[in-house]
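In the two complexes below, chain A is the common chain; its partner is chain B in one and chain C in the other.
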Partner chain A sequence: MSRDVIVQQILNGISLGGVYALEAVGFGIVFNILKFSNFSHGGVVTICAYFGFFISTRFIPSLWGSLAVTILFGGVIGILVEKLVFRPIRIQNKPLTYFFVNSITVAMIVQQFFSALWGSNYYPFPAFIKETVFQLGKLVVSKSYLLMLSMSAAVLIALSLFLRRTKTGIAIRAASSDIHTPALMGVNTDFIVSITFCIAGILAGVTGFFLGMTYTVTPFIGSMILKGIIASIIGGMGSLGGGVIAGVLLGAMESLLIAEVGASITPIIIYFAIIILLMVRPQGIAGKLYSVKA
Partner chain B sequence: MFYSKVLETTLIFSIFVLSVYPLSGLTGLFSLGQGAFIAIGAYTAAIGTLQYKLPPAISMVLAIGIGILGGVIVGVPTLKLRRDYFLLITFGFSEMVRALLLWMAQLTGGAMGIAGIPYAAGLPLIAVSAAFIFFLVANITKSGFRRNCIAIRDDELAAQAIGINVYWHKIKVFILSASISAYGGALYAFNMMFIEPNLFDWLESAKLIIIIFVGGMNSLLGVFLMSVIYYTFGEVFRFASIWRDLILGVLVIVVLIFRPQGLFGTMKKK
Partner chain C sequence: MLEVKNLIVKYGGITAIQGISLSIPRRQIVAMVGANGAGKSTTINAISGMVRKTSGDIVYEGKSLPTRPHEVSRMGIVQVPEGRKIFPTISVEENLILGAYVVKDPLVLKQNLERVYSLFPVLKARRRQGGGTLSGGEQQMLAFGRALMSNPNILLLDEPSLGLAPKLIIEIFQFIEKLKQEGLTILLVEQNATKALSIADYAYVLETGRIVAEGSGKELLANPIIRKAYLGCLDDPE
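Up next is the complex of A and B:
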């Protein structure tokens, strides 16, 4: 295989990796605060993908308009899920297992709900951008991939600024290392948890929109966050920066492998590599190992 | 005839639920890859009988063996780590097994699945197996083994401090669960006579966990009742089978908020 093809594949992979990075961060930010694996994130992604589809075909036939509305909607859904499903067990101080069971339940409800209503149909997004390509030397960059990559980067940079520069962001980071202590410093923990779910929902909105745009909208689109979750493991659970790096790496590796050895064996190699990685270096790239604390 | 078919299906799925119970209900470990062990059992049994002309009984034993092997491969590296790693890796493992089944098309039939498996598991065998596994799990839940499980579930650090070998105990529970799942999978293959890679996805594994929590994680009988109700309902009202999952989902959220001991469970106050 020539070098150009390899570089081309890596380039494509990085754009897809941008979406994996969004998923990894959306998954990781809730893990950081509440320390449970939030599978409901996949459900929110599915809801947002359907919402983005309906809004863009029925009401706002423009890319930026429908993307913005989907993002806002995602944030609202994130808050709703938190208030309805997680807050009641959080104020009762229930064990972490309950949070997890509720989160897979939300994922299941969403998937089965959309299967029951519109399961038999596939919904392709309208073609917002004419499938044009840029020529960069010998490389070909598709416009929609470029858009995906730049939007993912913009969202992640905005999030990083928010977490570092604003008071709320700093409170979220404080709550990540320990959720109880900031409450003693006058931080409203309930509000922080809501905002965290809102951020995760916003990321889910972007993810759902892009996944719907790249593939088609099906009830199973939420299962695609598995890739993001895997990126989150490779990056080191709960490390947002590590998740971003790992997401991009995973995307690049995946499309390279697909080109090199074929699409059917690629997932086998990737999952096997992850099991090996966990044996050798469970803390992931970022080197932060979460263990059970007293 | 129809009702005996319903009973067979219900009992096979109840065996799956029973196999997850020691793992999720007692030890608090969640495996989203239980479907993978079911698939491993089913495929080993089918391939053993069809391709290697082994008698069904031997294929079943082989299925259990390969299930245990899979449990060791997944369990040994991940059970040392925090529970979430275990959960996510089992999820990845189930996707890997699905991809493997699709990839090894010559052996497994790929996406077409395997049809024409001999019918070797009728109602008597299934009923006896379900009863045996119920009593096996019930005996476990009366022993010191169970107390160790619950100690690990409630506070891993404290369990370690009083001298339970947490890692080893988790491996034992996981392998027990994997082997029962694989056996159930073999029964499934010999009963349904047709299997395909997408039968047991992560959602199926998630449902097993959800049923345990609705039934009550401290009550084996409650869990068994819940799984019988759920799967009988699904078989009798085929047309409503998706809505049944929605009801189950709403039910588990309400139960966990208002009645955490489960519908049929009792909870001892600490």
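Up next is the complex of A and C:
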């Protein structure tokens, strides 16, 4: 394999890795404050992918318009899922297993719902970008990949600024180590949880839109967040930055391996690598060891 | 200023607080002393809204206190929790900024931050460090600083001297007296009963969820029965 092909593959992989990073952060931010693995995130991604498809094909043909509306929609869905599914059990102080089971249930309901309704068809997003590639020396850069990469980066930078520069962001970070005590400072815990799910929903909106654009929309598109969940774990639970790094690395490694050894062996190599990595470094790249997990 | 009337708290079938009434007058230090499990922390947490009260009333300036913790702290009744509960993963300065969560005016926030830094210069020196990197004494300063960031009216102090070196304990109690002189009203829960009574204007002795004695700090310190049963002193009052 020539050097150019390798660079090309890494470039593509990094773009895909940007989406994994979004998934990792969307999954990780809820884990951070409520300490459960939120598989419903995949469900919200699926809902957003379908929403993005319908909005862009029927109502708002422009890329930026339909993306923006999908992002807002994702935020609202995130808030609704928290209010309807997780708040009732949180108020009753139920164990983490309840959250875990509910989150899987939401993912399954969404998958089955879309399978029953529109499962027999594939829905391709409209071609937003006319010329799909441009030449950069010997490299061929896909415009939609470049768009995904720059948008993922922009969203993650905006989120990072929000978490560092605003009081609400600081409260979310404080709640990651102790969700009860911020109330003593006048922080409304319910609001913080709601905002966190809203952020996860916004990230799901971007993820769903980009996955829909790259592949086609199917009821199983949400299960693609498995890569993001893996990135979040490799990155280190509790470290959003670690998740981003792991997401990008995972994407690059995956593309490279697919080009080198083929698509069927790649997942086997990657999953083995993950098992070995976590044996050597169970806290992940940047994380701390967590004992509470569900 | 703050009145607790007939407070009862039950959880899991156990009655932790069996009808307590307290009166905390403006600009005074009121102490609650008693052994582990007497219900001191539960009382403070019931006032803060961190535990749900079963019955009874908590009245602040003539009005019943809200029951949710963030609403209580927004009334200016701020708890410094047992074990400090510093947020370890955010910086010292962010811990303080979070203390001013309800302060809308950024200028006021800045002033309060400067005031806390002048009270505790070590916090300024460590302001970029993670809260979890501080020593126990520094964490207690940060806990006080965080509580003062919102300009509270009443401070609820839950075991502020716990786990500190003797020299620091003396400083902490001097600091509490200084806060009183600056106009704060203080409810102080302490296992270090002798120290707490020596600075308290009024004090309550708790045992298994009931008040068994009350009086001015001096009276209780001078009472031989109290000294023997609750202060662990066998000698005569000095």
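Going forward, the second predicted complex is superposed on the first by the 289 of 294 C-alpha atoms of A that agree within 3 Å, B and C clash if a C-alpha of one lies under 4 Å from a C-alpha of the other, contacts with A are read in each partner's own complex, and residues count from 1 in each chain.
As a working rule, a contact is a pair of C-beta atoms (placed from the backbone, for glycine too) under 8 Å apart; a residue touches a chain by one contact, two chains touch by 3 or more.
Just so we're clear, the structure is a prediction, and the values are computed from it rather than from any experiment.
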Fit or clash for chain B plus chain C once both are placed on chain A? fit
The chain contacting more residues of chain A, comparing chain B with chain C, is B
Is A:Val187 touching anything from chain B or chain C once the two structures are fitted on A? First, second, both or neither. second
Regarding the shared-chain residue A:Asn121, is it in contact with chain B (first), chain C (second), both, or neither? neither
So, A:Ile170: does it touch chain B (first), chain C (second), both, or neither? second
Which of chain B and chain C A:Asp178 touches, first, second, both or neither: second
Does the superposition put A:Ser2 against chain B (first), chain C (second), both, or neither? neither
Is A:Asn93 in contact with chain B, with chain C, with both, or with neither (first, second, both, neither)? neither
Between chain B and chain C, whom does A:Leu226 touch in the aligned arrangement: first, second, both, or neither? first
Taking the CA centre of chain A as vertex, the centres of chain B and chain C subtend an angle, in steps of 10 degrees, of 90
Contacts for A:Gln135 in the overlay, against chain B (first) and chain C (second): which applies, first, second, both or neither? neither
May I ask you to decide whether A:Ile274 touches chain B, chain C, both, or neither, giving the answer as first, second, both or neither? first
Using only CA atoms and the superposition described at the top, report the least gap between chain B and chain C in Å. 8
Output the chain A positions appearing in both contact lists, the one against chain B and the one against chain C. none
In the complex formed with chain C, which residues of chain A make contact? 167, 170-171, 173-174, 176-178, 180-189, 238
Provide the residue numbers of chain A that touch chain B in the complex, in ascending order. 31, 36-37, 39, 84-85, 88-89, 92, 94-95, 97-98, 100-102, 104-109, 111-113, 115-116, 119, 223, 226, 229-230, 233, 237, 264-265, 267-268, 271-272, 274-275, 278-279, 282, 289-294
Quick one: in the complex, what on chain C touches chain A? 48-50, 68-70, 73-74, 78-79, 81, 85, 87-90, 94-95, 97-102, 146, 150
Chain A-touching residues of chain B, taken from the complex the two chains share: 28, 30, 32, 73-74, 77-78, 80-85, 87-89, 91-93, 95-96, 99-100, 102-103, 153-154, 156-157, 202-203, 206-207, 209-210, 213, 242-243, 245-246, 249-250, 252-253, 256-257, 260
